[in-house]
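Here it is, the structure in full.
The chains carry the letters A, B and C, assigned in the order they are written, with residues numbered from 1 in each.
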Amino acid sequence: MKTQTLLAAIASTLVLPAFAQSSVTVFGVIDANYQHASQGGASVNRVNGNGGNQISRLGFRGTEDLGGGLSASFVLDMALNIDTGAGGLTSTNNQTAAAGSGITFNRRSTVSLTSKTLGELRIGRDFTPTYWNLTAFDPFGTAGAGSAANIIQSNLSKVSTVQTALRASNSVGYFLPQGNGLYGQLMYAMGENPSNAPNGTRKDGNYAGLRIGYADANLHVALAHGRTSLASGDVTTTNAGASYAFGPVKPMVQVFQDRKDNVATPNRSSGFLVGAQFTVGSGYIPVSYSQIHDNAAVERKAQLLAIGYVYNLSKRTAVYTTFSRIGNSGGASVSGGGVTGVANAAWKGTDIGIRHSF
Amino acid sequence: MKTQTLLAAIASTLVLPAFAQSSVTVFGVIDANYQHASQGGASVNRVNGNGGNQISRLGFRGTEDLGGGLSASFVLDMALNIDTGAGGLTSTNNQTAAAGSGITFNRRSTVSLTSKTLGELRIGRDFTPTYWNLTAFDPFGTAGAGSAANIIQSNLSKVSTVQTALRASNSVGYFLPQGNGLYGQLMYAMGENPSNAPNGTRKDGNYAGLRIGYADANLHVALAHGRTSLASGDVTTTNAGASYAFGPVKPMVQVFQDRKDNVATPNRSSGFLVGAQFTVGSGYIPVSYSQIHDNAAVERKAQLLAIGYVYNLSKRTAVYTTFSRIGNSGGASVSGGGVTGVANAAWKGTDIGIRHSF
Amino acid sequence: MKTQTLLAAIASTLVLPAFAQSSVTVFGVIDANYQHASQGGASVNRVNGNGGNQISRLGFRGTEDLGGGLSASFVLDMALNIDTGAGGLTSTNNQTAAAGSGITFNRRSTVSLTSKTLGELRIGRDFTPTYWNLTAFDPFGTAGAGSAANIIQSNLSKVSTVQTALRASNSVGYFLPQGNGLYGQLMYAMGENPSNAPNGTRKDGNYAGLRIGYADANLHVALAHGRTSLASGDVTTTNAGASYAFGPVKPMVQVFQDRKDNVATPNRSSGFLVGAQFTVGSGYIPVSYSQIHDNAAVERKAQLLAIGYVYNLSKRTAVYTTFSRIGNSGGASVSGGGVTGVANAAWKGTDIGIRHSF
């Protein structure tokens, strides 16, 4: 091996590098839609390119069988805004290190060592355990005008401005081995502050969370809990979800509560989602109702009601439309984007788009 | 499908993702050259990596046959500066959202649904209809020292500083179905300003344009017209071109006029190009003369005269050289880059480079 | 060819682009580790994603046989920080044009024309000749806590802040043809300043360097010398290295000296490395000792002592651990990162990680 390392170093300075057979898969979702949105008397027409049915992305991944039930794998996954060609984040609530309009592998960049019996060790930037239930139990999969994230990770949420709301950089993760439907994810992510940092900031950005679930052909349930240490007050987030496929109808539900320590009220946000996907012909109809409220003296509340239709042209390609309404009360001003949020005014959005995956 | 969506969400949290067969093509052009340039007594030696024969790029594309004459496709196409490895734009006249030195798919990022009989619907960031004639009827294909864009999209042009001069973000496009040589492109792109934006800025950035053309084995003609709404005054651009292959000689011509509303003169720029490509052995000689002038009280004018030689080492690889001279008069100070433009002084540039496509 | 160029331009505006067979290889290294580091009483736990055994990267490359012993090739190679998914540089000592957190092909972006008998001509951004010995004769390959670059390109080094310390943009390179073990690299890179720039800055950023070496199955020796013109005083760097494989043991040595003109002392830094790789079972043990000192009135010195173990799970995948100690004296405050450097205090770092290449 030592010889190989040096020879490789030499070879790279020489004329003709040896081209190894590539063992990487390029994958992606290209999803763009036309949206008409309005709130409080203002309206806008726009093209959204971060995905109205599935989140737009481009990625590279590979796996290597190491023998004896062991494998190595990697995933590099970038968010895309198809409307501009620039890099995107599915939410602004991401770690700042990966933000910006230049493309980065901000969705996920990990290397893993997996044992069939012992589970997977994963290092890098990854989705947090406390994010998954939000998308797994949303009939719209947190994409587009109907995404429950429009309110659940809105400015009413105590977790929305936290950099680990969706993903965490500098993480070490462990996943239970597959089998019998039970699955589990454990993550610890580091803020990487030195031990001599000022008292409040020493742990700033540290995250610990876990998720445990069960999924079979019909039933899917999961529970997640996590805590992010922040100089401005730690944030704790807890959520759970369930779905069950009754033939062509799959109802789903999720509940969540987020709490921020050491701040005056409102310091808590909570809510739920109920929804379903109805198989219709070669497509499906997603429907959802969700709400979030905080514990302000006068409770602020936002409610999202959405219905859509996804028509599959193939396994990889679909056209879709979504109608969504976000109602605000108690002074809440949640918006689905495109126009500025207006207190107690409803945001309405209509998507019509194409999703192609590869 | 709904089951698949959820299972996919679950699977991505589990140990071993299923690797689908990739259906994407990686394509690109790597073109770099050494350039000596001079103007008004100053000179520079530099390496240009944005392409002297074809524009440097790296892209991903795929197409899926949906049956019944229908297909879905996508293109992600990034500009590259090979000299620095950073992201590039073939001109600074692009929409700011996609600018910056980090790489982005700033050349094109689109998803399409195409019917053999009805045509193509395309969403995303794409070349504008009013850009294409500039490159299609330039013997140098708007690349390198001989590119007519050096003057036609220079500071004398009324369209040069408009973000839709080459491409538009947030666009919805329609293309005529193929057949009989006739082709057509229609594009509407959105500035995405809300309806309650101040009067002048509400439509800022909106673009509408079309191009219609005919191409067969010998003849190619096309006409384009477009309008960009801008807070500083709308810009209208019109151009046309033609070429005809007489055996080994293909002469080409283009004319253009750009106009900016609601501003004092000079508010108009116009000009033309005449040129040809001569097949010589396994290569060709591009030659062109173009000029642009505005309607200032004393007309400012720039003229480009260029000749080159492209020697094809294969279908994918060529070496080339270009000699180009930009003359300025009436106070014009157009430059081909590398040195600062000097009024009434000629810019001279010599390229020698390699182009490799894949 | 001219016909093809135009038809290509037309085709790209039409419905169904013709998908050429791709001839590109996607390659990469995904290497991430957990590190505990300490210095002067402070400590930190962090995830490093730029690579602890090999530098993390993602790249695209291809080669085309042109016949007659001639070939064309390209390489696009981006540095990655797996911990954040953002773009990375293996050192901050790179040309600013390629910096920033958005990903760019900052490691290398080149196009080449290669003759089996005459050698290779290469244009673009590339590693400088004066960089290679640093990594080729380091048992740790300049990756991770044990990398000799931690001190040799530290703030004690006269070359560390120079943009050409590792790579140069705007370069034209020549490589000797392969054969008989002898190899050579010649590079000239341009600062691209115009001839009428102020006197001191006209040549700022120009680089010229060369490297000559010999490598066979056992022996490897190389010598490099280069000079970077800078407005703040030119920097000259010279280094050499040798290694020899005695069966399972490969000792290696390197020496270096860097000098900055027209500045007061300390204006010179120099030092050496001695180390070895020991094959042990299916892995190897890298060990190295290196030191650097400057010519300040009181000599400042840093010494790095590192030992590791790399266990190969396959040809492509390894797990590894590294223990490294950087001692400082004479007021030196060199750090291996994660905590702030403290004068005369030792930095200690422990890596444990996974490296997967494809």
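Everything below uses one rule, namely that a residue touches a chain if its C-beta (ideal position, glycine included) is under 8 Å from a C-beta of that chain, and two chains touch if they have at least 3 such contacts.
Here the structure is a predicted model, which means the values were calculated and not measured.
Asks: To the nearest 5 degrees, please report the angle of the rotation taking subunit B's Cα atoms onto subunit C.
Replies: To bring subunit B onto subunit C, one rotates by 120 degrees.
Asks: Where subunit A and subunit C touch, do the two copies share over half of their residue numbers, giving same, or under half, giving different?
Replies: different
Asks: For subunit A versus subunit C, what separation do you get between their C-alpha means, in angstrom?
Replies: Averaging C-alpha atoms per chain gives centres 35 Å apart.
Asks: Can you list the subunit C residues in contact with two or more other chains?
Replies: 26, 62, 73, 87, 100-104
Asks: Inside the complex, what are the residues of subunit C that reach subunit A?
Replies: 25-28, 30-34, 41-47, 49, 58, 61-63, 71, 73, 75, 80-87, 100-104, 114, 119-120, 127, 132, 135-136, 139, 141, 175-178, 183, 185, 211, 213, 215, 220, 243, 245, 250, 277-279, 282-284, 286, 310, 312-317, 319, 338-340, 353-356, 358
Asks: Which stretch or stretches of subunit B touch subunit A in the complex?
Replies: Interface residues on the subunit B side: 1-7, 9-10, 12-17, 19-20, 22-24, 26, 60, 62, 64, 66, 70, 72-74, 76, 78, 87, 95, 97-98, 100-113, 121, 123-125, 169-172, 190, 192-196.
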